[in-house]
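In what follows, chain A forms one complex with chain B and a second complex with chain C.
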Partner chain A sequence: MATSGDRLGGAGLALVKPGTCAGRAQLAMRHRVREKGRGSRPEAGSVATANTMDIGLFAQYVMNGLMLGMMYALVAVGFTLFFGVLDVIKFSHGDVLTVGAFTALATFVGLSRLGLESQWFDLAVMLGAATLAMALLGMLIARVLVLPLRGAPPLNTLLITLMLGTVLRESVRLFYPQGANPKPFPALLPRGSVNLGDFHLRFDNVMMLAAGVAAIAALQYLLHRTKLGLAIRAVAQDEETARTMGINFTAIVLVTFAIGSALAAFAGVMNGLYYNEINFGIGLYLGVIGFSAAIIGGLGSIYGAILGGFLFAALQTVGTVLLPFASAYKDVFAFAVVIALMAWRPTGLIREKISERV
Partner chain B sequence: MVAADEKRADLRPALAALGAADAYLIALLAVESTAAVLALLIAGVAAVIVAARFGLVGRVARAFAAHEDTLGLFAVAALLVVAAVFHSDHFVLLLLVTVLLYSTAALGLNVQFGYAGVLNFAGASFFGIGAYAAAVLNTFTAVPHLVVLAIGGLASALIGCLLLLPVLRTRGHYAAVVTIAFALLFKTFLEVNDVLGGPQGMPVPGMALLGWSFNDNIEIGGIRLSFYMSYLVASLLLLVAAFIVVRRLERSWIGLNFDALRLDETAASCFGLDIARWQITAFLIGNFIIGLAGALFGMVGGFVAPNNYTFADSLILVSILLLGGIGNPWGLIVATFIVVVVPEKLQGIQEYRFLLYALMVIVVLLFRPQGLLPRPVRHYFPGRKP
Partner chain C sequence: MAGLLRIESVFTAYDRADVLHGVSLTVEPGSITCLLGANGSGKTTLVRSILGLTPPRAGRIIFDGREITALPTHKIIAAGIACIPEGRKVFPKLTVEENLRVGAYGERSKAAVAARMDEIMRIFPRLAERRAQLAGTMSGGEQAMVSIGRGLMCAPKLLLIDEPSLGLSPLLVKENFNIIRHINARGITILLVEQNVHQTLAISHQGYVLSKGKVVAAGSPDELKDRAEVREAYFG
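Showing the complex of A and B:
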């Protein structure tokens, strides 16, 4: 996630220039992000005494966790969809999210240059442009990189998508104007909030949550109530039988990649709106978390992915609450839990059925 | 034809190739302007393609297969010639040291990836563990620096032990995510903790052996040698040792077991191989070698910082492996030269190197998935015709 050419110096020649500003900027950003979800956090002792404060704080944490969980779930659903139809993990998924968020930002900049300042119109166009562009990108990736490697060892698919992720991430960093620095993301949703005691229920958070639920509901409808969804599920279940039933396998794979990537773009825009800031590294971070979430839930199940997303967000929130002395270690805690979970349930909480035929 | 004659005839193309590569490397390192570097690179690629067309590459490969030990000595000599030519040039020597140590680390990764098929996408993290161990020990203790190197390797292997259970229990994609999560965890951890210098990193005192400090320039009979020369010799010794160990390992029955379990775990366990045991062996040996290289690298650079050990750097190690041809130690040394030296010489593309590495790997995977120098069929008795 770090930036700038003075990092490894190819040959490690830049070792004399330690601790780039980017690293510090990132830390500062994380810090701000943490503060936002929490408001002012009282000392551990005073939590027990002030009861109303307790509830307000609790609600704040829950809201924060729900927002994070929604984003993770949207990413995780993409992983699950791809795994379902092709049995591959597309590690570039997170970076597609980054590109989606930056597409939205570029659209916004373009719109304001044109003098269109209506926030709803801007938001709609941004969302439309980002999802459409990422759907196309997803199809392109599937067509050019993933499908040709179907017969190759799984390691090759893994590597090619990892490297594609690097290409996307580095392209954003190098070719987006000032892409190496965190960019402010416009706050286009209403800023007001309802005060419930100590808890500020922000309208924009509620609307984002609602939009996320709507997206997942729409996906659910698509998968289970339409002919296209039936075809996707058929391909996921058994490719060969699906082919013999007259389903166009390639087309279904492409459509699935388009849907998953569009969802990632949606999550990217949501991430930008929530933090009011994006940087080129969010994709790697959200991608690994989304993948972990998909795995925790068990790959191949949409509900598992959603469950995993919220579970991971809950873990992070609990980590922040339980380790007050070390809230900087929130991510360390979360990733350590992922590793531990993998050790405990190597194929996810909802176990994937594995039978190996020799 | 008598076998002995054939052997002697075989050696010459390899020697010629080594000499040509040596001259080419010296020229590449000596030229300064971007245009000259580009011209040399294009000429090099063209020369290799032409040589391949006339079947010369195949003869060189056969010579290497037949006389590996002799040619290994010549390769070391060739590198020393390059070092001697640039004996007072800090930058070039540091570049060579980097190549040597990255090759060593890639050798360690090769044991895991190439032989046993154990995925490790946190190579740079284990490299970093070695470097940080060296930083801490050199700063706060008086442990002899050779022992520090060994401790760097051991630390890397021991911390690798924490990942053993999840790595062993998972397969394929799932195993990948364990090491990726570890790479991210490691960097975040280095950034947020205060003891190890946080995002700023910490300085590493240079190496000293028997009262002789490696960070002093050397003067012999009026000739000034860069202080990197001592590091170069140390790195070269480390690489040669690692190379011999890895090569012996590959040729031994342990290597045979590794190959068996990489190719088919089920079949291997049917033949009585203990999968977990050999995966653990490969993972720990690999991490030990990576940590060793990392510890020396930390001392060479004089500074360790979290940004040098990111996930992107781990991916660079993997791309070295893939470019060279997974499982072929010679190939990965060639690949390290390409991956490390070319971006340094083309300062203009420095900034774009992660992008270029990634694109390069994608192209290699699409068009030559076996790498530049694919691993040859196992030779049980070098020099003997089957």
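Showing the complex of A and C:
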């Protein structure tokens, strides 16, 4: 599967320049075209006009929007967690997602070589390997790059993680076999769907959505029902006072980076399963969106980040519907609305850091 | 003099400028020891040095027979020191109960945490009423209760109290001093850092006066009351 896919990816998409935003949008369109071939995607609506859209098509759009929103939310939550505990923007977050997705893919290739082809087993091992590896990578980044820069202006952290992101991205491109080309990602979830009129409710989408909800629910449980979560929230609110309560600040930062990075890996695998393809630029694109989503929501707020993620996906979906002739402009539309939102609410929709009473 | 806490010629600097110039003091077990001094005399810096937030560049700090000078903050707390920080510093977006739980972070026994929580709710019935309220939405006086309660949650051997009367009404200040005496009566040693000379000396067993990063006077409250250094430390 992996080898035949290599050929497919290499030949089929050779003209697209992945990694650039334009290339990414083009790529996304290709997916849609391909999906349309399967007859299940709402982008059929880009050909028809918006007023012929019926309930089934509408439901299809909603489902797609939810899938995208879930991925964006998972990435945005990472940004907001890191900002919470350290007041830094870690710009390499998206590229950690890429590395996570490629780790999953490499794991799959390895398992196939070993002749292990059970799809649930493969998926579990891939997910485990990707999240665990990215949790470790996240801790390493925090330990080696982010924590030592605490005394420096926050812009330095932003810059250094931006550069690290480039290093990670280029490493995938250069060192992963045929890393410059989009790679097919195995479809390991059941392929069936329930047809409700024009609406095809795909099982894999439902499962991914449920898994995303479960991941966010688990995070919420961790943050609000466990001692570790209490410590993370305390550090986020007042680092120094948290330390004087006996909380090991460094350990909490490392754990937080592990959690955020594992969620990014999760989103990366989800992205691969959804599009059945990954390339070294996915993280850059998802990173920028996740970051925007975290900002719209109000940096530091978990609910805000989730809201922001789904809002951004909704904007893209609305953009696709409103601009039927040019759905490639959906990102332009979505980001333009984000800019307008930021002008209206500079601190985001949910303000997290409240002013202290004296 | 054994002392529960012994500070030996500590020098502490921010960047390059020394703020503390060889401070030495001893806190006897079971006592209320006060540290008086005007703004900028180095009181808070000394508290930060003890807690490891701004570690001293020279000198030694010995707590309970063990040197804690170079330890990270969480280990110093684990050794048995708690702090009620200046400005109360409650976690604004945690509930009252969560604030107290953070105070008991180092305690592994759930039963012990629950027992201490109940005890604190008995001392401050107000907190029991407001258990689920976000601490940031409470009044200054209520936040002071949260902060004191949080400091007691780890059952410390030594409690550092930094400027408890700052920003409180005179009535609350008086109540605060009563509470401090009450805490001490339960066997907790207290290092009280204050600007409010008279009320502080009234409840202390031993006092030190800090001026420009040096101890300029030390002694019993009666000795300190009339000393010129005390007045000079504030007005000189």
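As a working rule, the second predicted complex is superposed on the first by the 298 of 358 C-alpha atoms of A that agree within 3 Å, B and C clash if a C-alpha of one lies under 4 Å from a C-alpha of the other, contacts with A are read in each partner's own complex, and residues count from 1 in each chain.
We adopt the following convention: a contact is a pair of C-beta atoms (placed from the backbone, for glycine too) under 8 Å apart; a residue touches a chain by one contact, two chains touch by 3 or more.
No experiment lies behind these values; they were computed from the predicted model shown.
Novice: So, does A:L149 touch the first partner chain B, the second partner chain C, both, or neither?
Specialist: Touch partner of A:L149: chain B, not chain C.
Novice: Based on the superposed arrangement, let me know which partner A:G246 touches: chain B (first), chain C (second), both, or neither?
Specialist: Touch status of A:G246: second partner only.
Novice: A:G128 contacts which: chain B (first), chain C (second), both, neither?
Specialist: Neither: A:G128 stays clear of chain B and chain C.
Novice: Of the partners chain B and chain C, which touch A:S292 in the superposed model: first, second, both, neither?
Specialist: First partner only.
Novice: Would you sort A:G110 into first (chain B), second (chain C), both or neither based on which partner it touches?
Specialist: Neither partner.
Novice: Quick one: chain B or chain C, who's touching more of chain A?
Specialist: Partner with more touched residues of chain A: B.
Novice: Touching A:A231 in the superposition: chain B (first), chain C (second), both, neither?
Specialist: Second partner only.
Novice: After lining up the shared chain so the two structures overlap, which partner does A:P184 touch, if you call chain B first and chain C second: first, second, both or neither?
Specialist: Neither: A:P184 stays clear of chain B and chain C.
Novice: Please write out, lowest number first, the residues of chain A touched by both chain B and chain C across the two complexes.
Specialist: In chain A, positions 356, 358 sit in both the chain B and chain C interfaces.
Novice: Would you tell me which residues of chain B are touching chain A in their complex?
Specialist: 91, 94-95, 98-99, 119, 121, 163, 165-166, 169-174, 176-178, 180-182, 184-185, 187-189, 191-192, 197-201, 266-267, 270, 297, 301-308, 310-313, 315-316, 318-319, 322, 340-341, 343-344, 350-355, 357-359, 361-362, 365-366, 369
Novice: Touching chain A in the complex: which residues of chain C?
Specialist: Counting only chain C, the residues touching chain A are 51, 53, 72-74, 77-78, 83, 85, 87, 89, 91-94, 98, 101-103, 105-106, 136, 140, 143, 150, 154, 167.
Novice: Could you list, by residue number, the parts of chain A that touch chain C in their complex?
Specialist: Interface residues on chain A, with respect to chain C: 227, 230-231, 233-234, 237-238, 240-250, 352, 354, 356-358.
Novice: Could you list, by residue number, the parts of chain A that touch chain B in their complex?
Specialist: It comes out as residues 1-2, 5, 7-13, 15-16, 18-20, 22-24, 27, 89, 91, 145, 148-149, 152, 154-156, 158-160, 162-164, 166-167, 170-171, 174, 284-285, 288, 291-292, 295, 328-329, 331-332, 335-336, 338-340, 342-343, 346-347, 356, 358.
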